[in-house]
Amino acid sequence: MNITLEQAHTAIEAAQKKSEEIGVAMNIAIVDAGANLTAFARMDGAWLGSVDIAIKKAETARYFDMNTGEIGKLSQPGQPLFNIEHSNAGLITFPGGVPIKDINGDIIGAIGVSGGAVDQDHEVATYGMNAVK
Amino acid sequence: MNITLEQAHTAIEAAQKKSEEIGVAMNIAIVDAGANLTAFARMDGAWLGSVDIAIKKAETARYFDMNTGEIGKLSQPGQPLFNIEHSNAGLITFPGGVPIKDINGDIIGAIGVSGGAVDQDHEVATYGMNAVK
Amino acid sequence: MNITLEQAHTAIEAAQKKSEEIGVAMNIAIVDAGANLTAFARMDGAWLGSVDIAIKKAETARYFDMNTGEIGKLSQPGQPLFNIEHSNAGLITFPGGVPIKDINGDIIGAIGVSGGAVDQDHEVATYGMNAVK
Amino acid sequence: MNITLEQAHTAIEAAQKKSEEIGVAMNIAIVDAGANLTAFARMDGAWLGSVDIAIKKAETARYFDMNTGEIGKLSQPGQPLFNIEHSNAGLITFPGGVPIKDINGDIIGAIGVSGGAVDQDHEVATYGMNAVK
């Protein structure tokens, strides 16, 4: 099953609301189960460089079905996945990418958020993910 | 001046409504005055290959401040701009990309639509463009 | 011998003056004998998509030591160099790129111009080239 | 608001003067508020590999609206933005890229300098930035 555009918009709206609440302009991307872009929004004034990062975080989260920050722990020097970021035309492996599941627990897509500190990015992504039921 | 996210959403919603009216699932992309992605939506079931095409159409329309189909006429074999598509990491020069102007006539971004026949893409893009005031 | 930055600026200033005279905002790029970017100027309001095209025209003119329009004749369907534009990370083979020679007739670089009709681009590039002695 | 070509040239001339003063040949790039190249100059004898680095530094500074060296502190192994350089077709995150603001404090572009030690690059970029009023 794929995330629908309606679900994607629900996630983006929730993420956007949380971003406004914490006062950071975010880029928010949603990919589907095939890791293909489904929806995207750049809040006014959000970093231009975070357009690509938000999309790559969403892709990365779905590529490996885990939070991007988890991959980042494994891609450090000396760790098992060192420099995995070179694959897939560029991964982003710090926090802000989160898989999205349906009510059965099946992954239907992922959300990627970029524009603030990585903890903020992850908080907003999680909030958006939780809005999808 | 740059298109705002609110204006971008207005354009996408209008384009989406027109797409539903003509019964075609579209990919719809909005870029700002700097040709940077501002918003994107893939309607359920829309072609996966059209994600990139919709984005490139929006970029191309802003790169040259004209409808993409106009460039395509000039890029045919024997015409003045043959193979211009090799620039800018890939242009799309058939119809479906349209610049967006503000009420003063200044270009503030562009819309790119892909998913149907090129005439449909252009119709939907124009409809989305006109929704931005 | 390589074009100097001073010579490159002379070429750009002359090209810019000619552009203003004919009323078109141009992108103007200069590469050296090694086909490496030496100087660049985008006149206010010039097409964003022509940044890359101006640079690629200058590179293409130096890659093959001829005016880009000459290569374009040979890259048409059925001609000997069909689709040569796929090489070198993208060539531009319509007019607007011109090699620059020193007083001994040795090629020291090239100029690429983009922003108007191709005849205008070529006229401005030639004017800039001729300003280098 | 975008930086004008005249402002870009003012920044480049100042940067070039400072480079001559400290005796290092630099590549100097200016991008506008949309992170698109506006002007570029490679001083005679400057490193060829620094053409791309100067451009990427300017882009990176505008992508995230901060000095490139600030990002570099955060992209080290174990730091929050490790390997962010894989985004946006390649970032440069060591010093030498600096945002440019207008008199109202709004960012209108950025300058990137490469060719010397990174401290020299940053000094020259800052000098060029300060020349824009």
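We just call them A, B, C and D in the order they show up, numbering each chain from 1.
Definition applied: a residue touches a chain if its C-beta (ideal position, glycine included) is under 8 Å from a C-beta of that chain, and two chains touch if they have at least 3 such contacts.
A quick note: this is a predicted structure, and the numbers were derived from the prediction, not measured.
The most distant chain from chain C, with centres taken as the mean of CA atoms, is A. In this assembly, the C-alpha centroid of chain A lies 42 Å from the C-alpha centroid of chain C.
The distance from the centre of chain B to the centre of chain D, each centre being the mean of the chain's C-alpha atoms, comes to 31 Å.
One finds 25 Å separating the Cα centroids of chain A and chain B.
Contacts with at least two other chains are made by residues 48 of chain C.
Those chain pairs judged to touch are A-B, A-D, B-C, B-D, C-D. By the touch rule above, chain C contacts chain D in their complex via residues 2, 4-5, 8-9, 32, 34, 36-44, 48, 51.
By the touch rule above, chain B contacts chain C in their complex via residues 34-35, 59-60, 62-65, 77-78, 80-84, 86-89, 91. Residues 32-36 of chain D touch chain B in their complex. Note for the complex: chain A touches chain D at residues 47-50, 52-53, 56, 72, 75-77, 83, 85-86, 90-95, 117-118.
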